[in-house]
Every structure is written in C-alpha cells, then in structure tokens.
Amino acid sequence: MKIAVIHGSTRENGNTEYLTYHAIPKEKGTHIYLRNHFVQPIIDERHDPQGFHHVEDDHEKLITQMLEHDIIVFATPIYWYSMSGPMKLFIDRWSQIMKTPKFSHFREELKHKQAYLIAVGGDNPRVKGLPLVQQFNYICQFYGMTFSGYVIGKASRPGEMKNDHAALEAATLLLPPLL
Amino acid sequence: MKIAVIHGSTRENGNTEYLTYHAIPKEKGTHIYLRNHFVQPIIDERHDPQGFHHVEDDHEKLITQMLEHDIIVFATPIYWYSMSGPMKLFIDRWSQIMKTPKFSHFREELKHKQAYLIAVGGDNPRVKGLPLVQQFNYICQFYGMTFSGYVIGKASRPGEMKNDHAALEAATLLLPPLL
Amino acid sequence: MKIAVIHGSTRENGNTEYLTYHAIPKEKGTHIYLRNHFVQPIIDERHDPQGFHHVEDDHEKLITQMLEHDIIVFATPIYWYSMSGPMKLFIDRWSQIMKTPKFSHFREELKHKQAYLIAVGGDNPRVKGLPLVQQFNYICQFYGMTFSGYVIGKASRPGEMKNDHAALEAATLLLPPLL
Amino acid sequence: MKIAVIHGSTRENGNTEYLTYHAIPKEKGTHIYLRNHFVQPIIDERHDPQGFHHVEDDHEKLITQMLEHDIIVFATPIYWYSMSGPMKLFIDRWSQIMKTPKFSHFREELKHKQAYLIAVGGDNPRVKGLPLVQQFNYICQFYGMTFSGYVIGKASRPGEMKNDHAALEAATLLLPPLL
C-alpha cells in the first residue's frame, strides 16, 4: 500500500505538517507540498464547445503522481473554516482532469483508493472544522473513494500543535498499523 | 444601504449569476466579478518576524471597494461542495488584510455589515451545500458580521438555473424589500 | 399521489402547523398529529435472543397509516436544534418495525416514497437547523427514500410564523404543483 | 471537579457504556442511567397563560443531581443519526426547567459547567454523527456552557465497541488527566 500525502500548507514545517508526520512519517509516504508547485485556478469550461483549454502548470504531473498511490492523505490547515486555497485550487481542477482524455481513468481509479483528511485550525476546529470533513466526505462519495478517517488538530501559533496530545495520538492511530 | 455582490464564478453569465440577478439586479448593486481581477493565494506569514510581504495584485483594491458597501452578497458556484477557488483565494487573503496597517479597521467595519450567500450546485446542493453555508456562518461570526440569509440553487448545465423556480423565488425574497 | 403529514408539535395550531398548512392544506393530505397518539420510547432489543417485545401503543397503527401514502412530510418544531421528542420517539421505533414480521416490507416500501421536512425554530433556525436537515437526509438515505425538499421557518412566540414571508412562500412551492 | 455522566442508552452494558467507561470509569463519576428513570416528553406550554403544568416524573430530581457536578458527560447511542429518544426527552424538558421557579438559576449554573459528548453508532458514525455533535455544540452555546470535547465510536452489535481502538484511546484522553 503506497501512501501519498498532499500538503496544502503554505508555511513550511507548520502545525499541519507536524500533525501529519505523526500519521505518516516523512519516510513512509510520498509527501507532496502544493506550495512548491504551480497550480492555476480552474476556469469552468465544462460546457464549452471546445472543452477545457490546456493549462500550463504542474497539475497533471501532480495528479499522475497521486494516482500511483493507494492511499491519499489530504493534509490542510483550516483557512476560514475550510481547506487552504492551494488545496482548493488543486481539487477544483479535478473537474478538468475528468474531461482530459489522458486521464479518462481518473474517476475509476479513485474508486479503488482510500482517502484520509488531516486538518489543523485555531478557532475551535473540532467543531468548526466539521463542515470541511463533510465536504471531503462528499468528494469521496462522488468518486466512490473510501473516506477512511480524519483527524482534526488545534493549533494556531507556530509550534502549538505539539500541545494537542489527543490529536497527535489520534494521528498515530489514523492509518492501519500494517501500513 | 449600498450592496456589493462578489461573484466567484469563472464562467460569464452562468447559473450562479442568473440566480444572483434575481436577488440583486445588475443596476441595484455594485457587481464585482472576481474572474476579472487578479488575486494571489495567501502565503501564511502571520507569524513571520517581518509579517506579510506586500503582494502585487488587485486584492486591496477589491477590499476597499467591498468596504464601501453595507451589504455584501457572496455569489459562488459550488465547486466540490464548497466555494469556488477564486472566492476562496479572495477570502483567504483576509488574513493578510487584517495585518495590513491601512486596513486596521477591517474587522471593525465588517461588524456593521450584513452578508448574504448565494450558491449554485449540480449535485443535490440543497443538502450537500449545507457545509458551505455553515462555513460562511462561521466566517460571519468571526467578524461579528450579520449573516442575513442564503439561497441555494440547483443547476449544472448552462441555462439550467431557470428551472429551479423555488430558488429563483427565494432569491427575489432574499434581501429586504426596502432595498 | 397521496400525502401524509406527520406532525411532531406538542402545541395545537402552533407555528410549525401554520407553516405546514402552506405546503399541504388540511384537506390535501392525511394529517397525523403525534401528540394525539401514544408512542413509547424504543428499547433497543435488536440483539436480544428473543428480539423485541411487543409494545402496546399506537406505533404500528401509525406506521400502517403512513405506508398508505406516497409522500411523507415530517413537520416538526425544532427543540434544542433537533426534531421534537415525539417525532424522535416515532422514528426511533422504526428500528423495531424493521424487525417486526408483519412489517417485513417496511424498508422496501419506503424506497418508493418521497420525504419532505418542515421545521420551525426560534434561534437562527436557517443555520442552526441544518444539522437536523442533514440527519433527515441520512434517514432517507438509509431507506433509499427520496429526500425531496425542506423548508425551515423562523418563529418562536405563538403567531410569529406569519411574519416569515420567505418561508411561507417557500412552503407553498415545496411540493410539486401537480399534487 | 465532580463529573456526572448522563447515559442515554436503553440497553445495559452496551457499546456506548463500554466506550464511556474508558473516559470516566464507574468509580470516577456519578453515572446516571436515564433508562432507570421516568421522564415524560415535553409539552410546549411556554406560551400558555398559566405556564407549564407540573409533571410527575423523575426529571427535576435528575436535574438537581446533574447540577451538583462541574462536568457533564452526555453518553448516547446514535439512533437514526441523532441522540437516543430518552436523551432527547431529558434535554427537551430543559425548556420547562428554565420556566420552573425553583430552577431559576439553571441557565446561569450551566454557564460554569463543561460538557462532553460520547456517541456510538453503527453507520459511519464519524461522519454521519457530526450533525449530532453540532447540535450539542448549539445547546452548549445557548447556555454558555463550555463544550470541551467529544468522541465518536463505531459499533453496532453487542461487544463490537472493543474493536474501535482509536475511539477507545480517544476516550481515555477525552477528559483532562488531573480529573
């Protein structure tokens, strides 16, 4: 079982990363940091006669890499009660991927994958982060992907994540031990 | 009462716009189309010693314009069960605005404004769009802004919005008639 | 299409009823007022060797009546952000119905029905009533029943419902006009 | 810090109890089993000229007992995606308590208490139980009570709870260790 972690943080070594490494240590998975890649916002051309225009950025490369794994962990700080902008841009573009001939297998492949969500916020995230969890669940449902679990951590200032012992413990138990 | 409408659609004259004009006709408010402006994703530098770097884009101009109004209507298509990428980028950057000296009054000003949400999606949006409503509510709570109402429309293909009579009717009743 | 309305109010002619009659006038459906019937709380005996004990109350009679209709409207005041106690007792006992031989067709029959929710609350119900909507959606999903729509009204004191024009209008549009 | 646990299960030694004892062992708190007490459904008489009729049951006694503690843990199985009927009846009646002269301090007292939620369900409870969490949060907000945490366990058949290691671990970490 190969694990890919999609990191949506814009800050290096931040709280979300800290929590995420408790679930998937750096050497146990392929860690993809969206901040190091260029992804354009989607332009909705689903209904254009000519379809989507090709976009020059890193999105297709990232999708290709993601699809090589069995387990996909989405690790995002909570920005304004939902996923970070970079994570949103990355996922929005899936609408284009589904219409891209070379990714015609995209939806079918996701059906066989497991998804996890790791999210960290500062403002009562264990309650106010729940709509984000529900949205990830809907995304997984759309693709028939298994939503296997999530952990929500509470932290705001740098380094604060280490104080949320319950979340750290939950993170270590998030993925099945055999992995 | 001056009304600003922030449009998050990436497609011109799409379903979300169609529904939105039932609530706020073109001539009744200031309609801002984010797709016509350039807004960079936030980089979280809240905790950097030097603070946020200045960003060369249209965000400050848009915020200035938004603040000149009493009522702010957020009109967004539902992309993957949450707001569109452009809308997310626009709101994410509020974290930077709050740290920008010339916008030191930002949070205080929002406290006196009313917000509305208009959202349109194709996949059972009246249920699957509810987390998005909850997130907008949290955003409003954070700023002490009044969340005065929302309408969710169901549409996917171009032109389909005109069939959701209940949503169109709800949109016409969304803002108080005196406006 | 025969319509049954299950009323969960404990007060006669209250706000929830007022809103509900805008959707389904008294003469257009079978109106069942749970407050006029005796329904015991469930005792979870699903896993008892001898199964559920027979309960002497009106529940089976109500279920029989409900099943004679094609559309089921659940009309409940919002008590503490969820359905009223009487409505909860009525639905909780469905777990027993599913294990009752004479109702072995229960789940299959619900699959062919449409459900609507009408809910009225006093404390920001259009936002704080959303978890209730989500729960009804899950109930419908469990049974494969179509969750066709909902209306949330805002009212607390007797008579106040008549002021929520948007909800009254939405109620009149809730069911398809052909009914 | 005195802890009261309100058990909403209708089955003795069920999965919810099993999980709950990992958070609050039997000897560490006052365990109140609603199934052993008689609580009538509320009749909404808030707006009656004569107010609420006195109800002959155990509710006031239970409230008195609850108020003698600093921490209140609500432990409920998830019935149809929300709290159990007995738990709902118990909480619905708080509306009456608030109008009962001898409990005029009720709302003020809750303001100083901490609440926890422990919930167990069989159908994807970590996602489908989230509306229940949100409702508890709203209840706590209403009273100004601190909603200090929650754990959701997955179990359906008797004994199954012991397999949800992550939830059991989370339960042991739910309350602060000093208690």
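Note that the chains are named A, B, C and D in the order they appear, and that numbering of residues resets to 1 at the start of each chain.
Basically, a contact is a pair of C-beta atoms (placed from the backbone, for glycine too) under 8 Å apart; a residue touches a chain by one contact, two chains touch by 3 or more.
Since the model is a prediction, treat every value here as computed from it, not as a measurement.
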Rotation angle superposing subunit C onto its copy subunit D by C-alpha atoms, nearest 5 degrees: 180
Do subunit A and subunit B face each other with the same patch, meaning over half of the contact numbers show up on both, or with different patches? same
Chain centre separation in whole Å, for subunit B relative to subunit A (CA means): 24
Taking each chain's centre as the mean of its CA atoms, how far is subunit A from subunit C in angstrom? 38
Sequence positions of subunit B contacting 2 or more other chains: 130, 134
The subunit B residues in contact with subunit A across the complex are 9-11, 14, 35, 41-45, 47, 77, 79-86, 88-89, 91-92, 94-95, 123, 128, 130-132, 134-135, 138-139, 142, 157-158
Touching residues on subunit A, where the partner in the complex is subunit D: 126-127, 130, 133-134, 137, 147, 149-150, 165-166, 169-170, 173-174
